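Here the chain labels run A, B and C in written order, and each chain numbers its own residues starting at 1.
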Amino acid sequence: MSAAGHALALRGLSKRYGSFTAVADVSLDVGQGEFLTLLGPSGSGKTTILMCIAGFVEPSEGAILLDGRDITALPPERRDFGMVFQGYALFPHMTVAENVAFPLRVRKLGAAEREAKVRAALDLVQLSAFGERLPRQLSGGQQQRVALARALVFEPALLLLDEPLSALDKKLRAELQDELKALHRRIGRTFVNVTHDQEEALSLSDRVAILNHGRLIQQGAPAELYERPVTRFVADFLGKSNFLAGTVQEALEGGFAIGAGATRILQAATSTPPIGTPVLLSLRPEKMALLAEGETAENAVAGTIAGWSYLGAGYALNVATPDFGTLRVTLPTWNAPIAPREGLEVRLGWSSAASVPVLDDVSPDDAA
Amino acid sequence: MMSFQPGLFARGSAWVVAMYLLLPISIIIPVSMTDQRFLSLPKEALSLQHYATVLNSPEWLGSIWQSFLIAVVATGIAVLAGTLCAIGCWRLSRRSTNLIRALMLLPIIIPSIVYAIGLYRYFAGLDLLDRFMGVAIAHGVTGIPYVVITVSTALAAFDPRLEQAARGMGASLMQTLRWVILPRITPGILSGGIFAFIHSWDELVIVLFIASRDVFTLPRRIWDGINENLDPAMAAVAVLLVVFTTALLLLDLALRRRRAE
Amino acid sequence: MMRRQDVGWWLLILPAFLLMTAFYVAPIAQVLAISFTEPTPGLGNYERLFTSESVQRVIVTTLRICVITTSLSLLLGYVLSYRIALASPSAQRWWILAVLVPLWISVLVRAFAWVTLLRRQGLVNETLIGTGLISEPLALVWNEFGIVVGMVHYMVPYAVLPMLASMREIDPRLLAAARGLGANRLTIFGRIFLPLSLPGLLAAGVLVFIFTLGFYITPALLGGGKTLMVAEWIGLQILDLLRWGLGTMMATVLVVAILVTLAIFSRLVDMKRVFGGGGA
């Protein structure tokens, strides 16, 4: 298969159902050969966006461009996209080979060419021996690979994946994640994936777009999103995070200081908000350390262990602090400085660069 | 596991009701084999003479053949229109298509007598009275509900993503119909066809009004027979009809079993 | 709003829609129209509902037979459904066949069978006379009795289907549980089974009633022309008396009565129960 990826662009895409807005003004670029994941909780509009790209849903506003050409008005069968459906949607009355041959049959390819391509596609997903089976005779993982082969066999401009791994159990999912990633490298096509599984999104994608309530909140490389979330929602949805609220007290070189009750915290930043504005900092549980007697850190907060759990690789501590409520801290088990127990007094320390100021975009109905 | 069984009284009365349903129909079997010349149970011996009378009568055979042809054409109309309509309504699935589906059920709801007198007048203007095509159209249109119901039921079990998948892979509407939708609902279509066929084959009220001489279907001939001369040949015809209908039902049952697998 | 992508699907609906409109709705609309225009335009035909004794007699007779037929069909159908619903799966298959076969056997064949049995020289009378129970043959057919016997026979399977469907939704563990709690058979039936099967009973009632209202063949063959129900009366007006206005008026009343019945009960019953998701 050739490595001709195509570029996709969404321009101001919106979809409304009556008074309900499923997608609100989303603009997004997917580069040639890129693996982009749309990530969000259920109801965030990610699937609606995918269905708009595929042509099954007509957007209320906005345009969809493929290599700069407007395809918004094209029906799905003329868009030339491969798609892996949630639950795979394999035709139950056709064998595996017939399923994979379907897009070629539709395009009226000759029998010989068809057979060669089907064989190549089944080789690609390592299912050459299963061509004559019916889908229901295959395991979940095998069905998923048939769906992939079927979506790729006609060398589509774009591969769309709708929760491709959600039907599988956890171990198989990890395996297939690796396979999917390797496949993407090998064929170099543009992939657009939809998932609600943040781990899957982080491990598979070149770039992740995070959605909530139909809006695009932030997009970027996985590490960028994890390290520099711009809003509370993003920080909370990708991994776990503590949120420290305070007000700006003073501008400093390379950052600013905030105060919360009697505590003063340093935050690295390139610009300082006006004195007195409330700010929210996101602080990952693994970025804090327990300070030994006399040890100092840029930021230090005292507290008491209110609860803890053993997670194998690490401990998770809930530390009650006077000014920031309960903070979650994770420590690697193998060199933990203390043996955790409830009621133990500890001091937490972190550097001013460990936390990130975020926008508080979480409304009360998201709290759950 | 503890199970709940109906009492003796309930069981006994159920048997009585079943007898009431089945016995009168079965009585025509011995009557059709009577050795007498009038409607009665066989006295001395079983005889197939009345079957011979029917099967050698050009009138009966002509009516059977005509009923069969009409039913075939009517079934064709009903299956074609009903299947496509059910698929369209299923795929579009909105308020307006629900209304259309309700419209398609009208022939089961509105008594045939009302339709029959309407057609009597309507077909006079179209020169379709006492015409093969007139009866076939009337039976075809009134057979549509049976097809719509069975095909809709078959479609309810059909995963709509399969249709999306096919379209997404570049299949046109016709290709999707032919290769994805129709193969999955064939048993439902056949069931609907069988019911539409039986409907036309048995239909009398419409025929009484829109046909008179040239079109003289089997039910019409039986009707005249019951009203004029109750002879044992009628019983033979009745038995043949029962056998035919039962065979069609068993065929349907077999199809359903295959679909269930 | 019709989306461009949907045009193809609408086209699939089109043939059935056109056939139905041109060859079903149009003739029936014509019937409704004629009832207001012939012999003279106006409501003259409908006045007969209040003035003509023969019109009123037909309606009363029809309603009486309908009520009797519906009640008996529901009773017999309920007994049968109750037995089927609680039978083992393999036994159920035979019971259901016993219901379905009569359902699909030509109504003419069934009427013929009843005539064979019930007429003066029929098998029932001959047997009764033969055993000396009676000396004169009983009038069992070509009267209202004959009509009811034949109609109930025709309607019982229609009553069974919706009732059976709703009884099958009753969780058998409920009945076992009630038994385990010490309820006797009658209590279980009256307090649990009957209330839970009520939707099916109601649906069956609606179905049988509207089918009975417009029934033609059975009353015509078993009534012998003496007891007239609405459908046969309409046929008579049109074919023999050529009184189109009166015939179509009654046809309109019949359709309205059926639609009103359906409208009333569609608030109480899920109409899917009546006309079934599935073919018989």
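Some observations on this one:
Quick note on the criterion: contacts are C-beta pairs under 8 Å (C-beta built on N, C-alpha and C of every residue); 3 or more make two chains touch, one makes a residue touch a chain.
Since the structure is predicted, the reported quantities are computational estimates derived from the model, not experimental observations.
Shared contact partners of chain A and chain C are B. By number of C-beta pairs in contact, B-C leads when B-C and A-B are compared.
Think of the whole protein's Cα atoms as having one middle point; the chain whose own Cα middle lies nearest to it is B. If you average the Cα atoms of chain A and of chain C, the two centres end up 60 Å apart. Taking each chain's centre as the mean of its C-alpha atoms, chain B lies 17 Å from chain C. Between the Cα centres of chain A and chain B there is a gap of 57 Å. For chain C, the set of residues that touch two or more other chains is empty. Chain A has residues 55, 75 in contact with two or more other chains.
For chain A in complex with chain B, the touching residues are 54-56, 75-83, 85-87, 89, 91-93, 102-103, 105-107, 150-151, 154, 160. Within the complex, the chain B residues that touch chain A are 159, 161-162, 164-172, 175, 179-180, 183-184.
Listing the residues of chain B that touch chain C in their complex gives 1-7, 10-11, 13-14, 17-18, 20-22, 24-25, 27-28, 31, 39-41, 77, 80-82, 84-85, 87-89, 91-92, 97, 100, 103-123, 137-138, 140-142, 144, 146, 148-150, 152-153, 156, 173, 191-192, 195, 198, 202, 204-205, 208-209, 219, 222-223, 226-227, 230, 234-235, 238, 241-242, 245-246, 248-249.
Interface residues of chain C facing chain B in the complex, by the touch rule stated above, are 6, 8-13, 15-17, 19-20, 23-31, 34, 76-77, 79-80, 82-84, 86, 95, 98-102, 104-117, 119, 121, 123, 153, 156-157, 172, 175-176, 179-180, 185, 188, 210, 213-217, 221, 231, 234-235, 238-239, 244, 247-248, 251, 254-255, 258-259, 262, 275-280.
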